[in-house]
């Protein structure tokens, strides 16, 4: 039985790598080159960067005789690891016509072949450090699968005719619940959140630690487009008193009057999706909100955003009907809140459909220390100026998130599938 | 005896108002008009805005028959209260040649006279709401006294010949302690921080609440210029691995290589002070650091910045020798760490000399709600994108700060007297 | 009789210097410090710079034993003479609180006293080079008298309540001519323009040279506010086909829909003047136009802007009724076109009221060479990217302009008293 | 014989269209999508825009039953014709992933087929207006052939490893002349420049008109890299006195210290070319200069730039050995000055190798009127803020330029093959 783990890892490696390529199969070469804003990377760059990650953190040091594919790629495809060396500026990734897509695919094949050899080596199964790096690499590639979707969506949204990235699938209908949200109550007290060991997690999810929470309630579903439209119609974007100061400044400077990708259509409100322009499904969760908008909506609702520990307590203790995750051939847009199989069964859409803004600034947990070496740059150096989001979205890979998982973005970011769930003190 | 309180408040009101004018007595009219960056307000604007605060929040509603000084001032001198109405853009305060300084002084006299009448009214002594507003106005004016100093310092620093704001005083010498810092240890556990009632506090200092801290230690003094120079000489500003990602980007973009106001002089490092260019006192605390620099220094030291709750526990339980506060006629720059009167007596400079960056993002305490009305805009709407500083500086008025006092600035801010104290897990 | 000239120059020197100070007598210290955009200089700076000019180009080299007023002023008040040395950045003149206005006035007195001694010296009368420098200095100071007016106007226009710089005078009424403009025809052929010798002129006015012009006509008056309002009402600012490409881009980017300083008042169109907000005099010439607007208006009129040589031919050969020049105590705004004393007498307002945009790019005349030394930087290095304006305005000193006089500004400049006169091919 | 002209036009049409596609045959799809700065258009856009030009100005109105290829292309590929309708912003052409290159090629084929039908129609041969539009379209497409080269060069130059666009050809050697330049003298007097009729010319080349020139001389060759290196080594980029004011500001702000594309190589100065990084050929003409640099070099040389009429007189009256034009399979970079077949035979490189900056601002000739309709936007609306260049470059199509041909760019433009020839007064 001692060879089971490596085989399994190799299979999972292949699965994740193939999933990346499946995701881009319908895109044109031209689509994959464009960088529509500094936060967005071209698809081609994601394909190469995820490959560079394996080469840099595994193959170079662990596979004897490994031949680097190109001396130039370390400069071009290093994202932000100062410990690895100089790199191409993030905002200039759209200037990289070379390597071509074909070369990037050859690079992927080269690294995949070497990785499959590495993962077959006998000693790998016992080497925890290597196993951990492989898990990190898989999680990393899954994060970029999500970014491939959010980034190409932004690229296409900037085209004056807003073309679709993918054909519109025929998803099975669900029985939507369009009633008002319910509340699920929690006692608070001394709680334990974060995770230390066991299955893979990012370093920012630990250490496990105790806090004291006062009693609170969480809404049993995400805020819907219907809810959010009421906020707009009530003058939400024109009422300074609902907004954080920075948020109000942004509303004024950018002329925000609706979530990103909402447009007025002839037949009512529309939204740009990865399947092109669609009429707005009022039952579906609102997405593409900045933290500022989420916060203003919560204020208008007489509620607030959850603390990330409240969210984690909620996600850990109640069973939920999940929302959508990324599933090729299915809709790449959040859907209506599913009905519970039985009444009063608690939170819904905790996982999937939309990332949920929390009011927690992205900070280190008590006694957090980043991993040593360049890998330690993965999370810790970003703990400033961002807010934590929880739960995963319709663009997240199934199995990628968990109760302790912390995503983070600056408060003005809107191009992710970011929505919210209300919370309140009780 | 029932008329004692009003008299006392009236006296304190006069004292604070006179202190503001004393502060600007040596400045020229020309100095008081200039806005050297959007964060800085002209002295003249501070003089008028603090006056507008009394007029707006007290006189209009509480003093029968009060005659508004000018219908235009509500537009010109409202700082950020959306609830009060439209206002002049913050970044354009340097365009306001009118009203002249003389008119602003007449405005002050007009409001002071009306306030003295208000504070003499019999019913004021029993009216807690009014008393609270007066206390808020006094604290508000003291905050602007500090800003008058930090802002005029920035204005003069942008002059190519960097003139002094004030003559150099002859301060009494102190016995400086130039040894390495010591550590004071704390057990952690369940702690209570924040404040609810009793004497005046800002709404962001409450509610009082419980948290769990793990054992920690705080340095017994502020980081000195000598300490910080060692960081610079060790290549601190060139070592990406020490920095938060946003901080490193700032270092690169702005060419930061030392704290704001440090300059290379012919005879060694110099610093621009309110008394002009001076040689750097290595025993004095380092000031004019951004959060990024404070964080990088702590990383380089193998320590970290304190959590604001750790700082408050430290400040509340140990007796400290205070540093300098604002004192007209004395130096307006931080001085060397004072010796303890007896050995091992704990933390020093907890209050005064330099504001101390904590690693706590400025967030609402559990169950925090802003005050209703425009006064509620004082604090809550800024709880995003800023970090908490504690302890007060050489530009703070004596008696203005307390253990629960929370100051806050964006991480890139450097024009305040901002330094740091190290912390570590034990 | 050989001592007459120096006396006369000394008297003219005193007159010009006093006129500068008379101009600012009603301004507050606060008004004189502010720089409202990079093109604008604070009044205080103009007062000092004109003084520096005398010190730098005359006193230092020509007055034995002259004591420089301050070593710092050469850095602060050098405008753009690279040959003189390093200098303060133009866009940061609003940061100069020091020297105070009182010190600048003392500087003026110091230099005036030295200049009066210099101009009394016997040998000055025979020294043409010095005489030329004095004439240059006088013309230079007159140019800054005009800039003092246009700059303070811009400063006050940026104040939300747009205060007046000067009290409104009661000017004697004139009999306005509100009929359509007439045309004065010219044969063209070989013409001679520019000037070489004789009385003082700037180097850019020469050498005198020949050109060939084809037959043309000039409008007999400036374009009026009534004319320009018709252009606006006909959709001039919304009709791309009327505009130069750069102009149309500017209209779109800046939202231009009327000349600078036009505002909609309750009782009709208003204009901000040095005497505050006034209702628009439809008979007065339109001013505060960019080159782009002047060009679009001409296109809309089925005419064009004059070539600068056409203008000069017109100004040299016909006698005109002049418009207003700067006259303290009188209106500092252009007035209605005066009637000719006799019918058909030719061009009116050729001089005074408004600078007239020509379609001539500001270029060197054939065989032009700048004067040697730093004085040579006065004109030649600006011969790129600007257009020539002719004729002087209501802010120009009487006697300052002449037919060969070339003013120049970038095409987007609007804060000068810039208007236009139509021309056409015949 | 009456059917010869249409046949010939059809053949020329095919030749020009094929030449465009030949030019891009070696580029990758990825190369053709990128916009490296607002002035640069993606190759794919050029391919489509030139096609749109034929569709818009010929096919729509002249070919009965013509079926527009796509309703969206009129928005996407209109460059700057306001008369045609709304259009995509120039600076956002790099966001257009769609249509794909393959679709653009299909669009080209569609339009080529329709054009070949149109050009075969009997009445075309007699229709001067149509003939003129065809000639305009051919000249237009040739201009874009040049821009395809200069734009892709800029795109690739922004790649950190600066890849070659084309393989390096083996050009036949020429006998270079590396001596100092000689001077060819001209008498001036009344000259006639511009062109009115006869063979095709752009509207900005006329009307033919007379001017008066004073005696002048033109250098008999272009300024070489050797000449320009001497300017650099003599401190040209550090000597303010040589520069126009705007030019010096640009040098300071951009840190210019050499022409665009010059780089320090290990073995001496190198230059980035369409064939990749190469060592600098000192005998070749200097290119990629801004007007400011050309002007400063001329000043340093004790000479000046030619007036465009001087250049045209020189180009019209002397026979010259031409420099290189665009020739697929040959070098796409300027080469050394060719020797004259006989001594003293006059100007060399008047045509080809490098565009020559003149000191003439791009202005309308006397009595110039743009063509009516949208075609009239081709030239006239750009007559502001630009300078005239003459002679064509190594990227220009053979036969495209002539003595009266006026190219124009803003003074800061450096990405064209722009150099200079000296002139002087005699």
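Going by the order they are written in, the chains are A, B, C and D; count residues from 1 in each one.
The rule is simple: a residue touches a chain if its C-beta (ideal position, glycine included) is under 8 Å from a C-beta of that chain, and two chains touch if they have at least 3 such contacts.
These numbers were taken from a predicted model, which means no experiment stands behind them.
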Topological distance between subunit A and subunit D, in contact steps: 1
Set of chains whose contacts include both subunit B and subunit A: none
Which listed pair, C-D, B-C or A-B, duplicates the contacts of A-D in over half of its pairs: B-C
Most widely separated chain from subunit A, with each centre as the mean of CA atoms: C
CA centroid of subunit B to CA centroid of subunit D, Å: 60
Mean-CA-position distance for subunit C and subunit B (Å): 48
Distance from the mean Cα position of subunit D to that of subunit C, given in whole angstrom: 38
Shared interface positions of subunit B, touching two or more other chains: none
Those chain pairs that satisfy the touch definition: A-B, A-D, B-C, C-D
In the complex with subunit B, residue positions of subunit A that touch it: 80, 82-83, 190, 209-214, 240-241, 243-248, 291-292, 295, 307, 359-361, 363-364, 366-367, 377, 381-385, 411, 425
Interface residues, subunit D side, partner subunit A - complex: 28-31, 33-34, 36, 44, 72, 75-76, 88, 92, 94-98, 100-101, 155-156, 158-161, 163
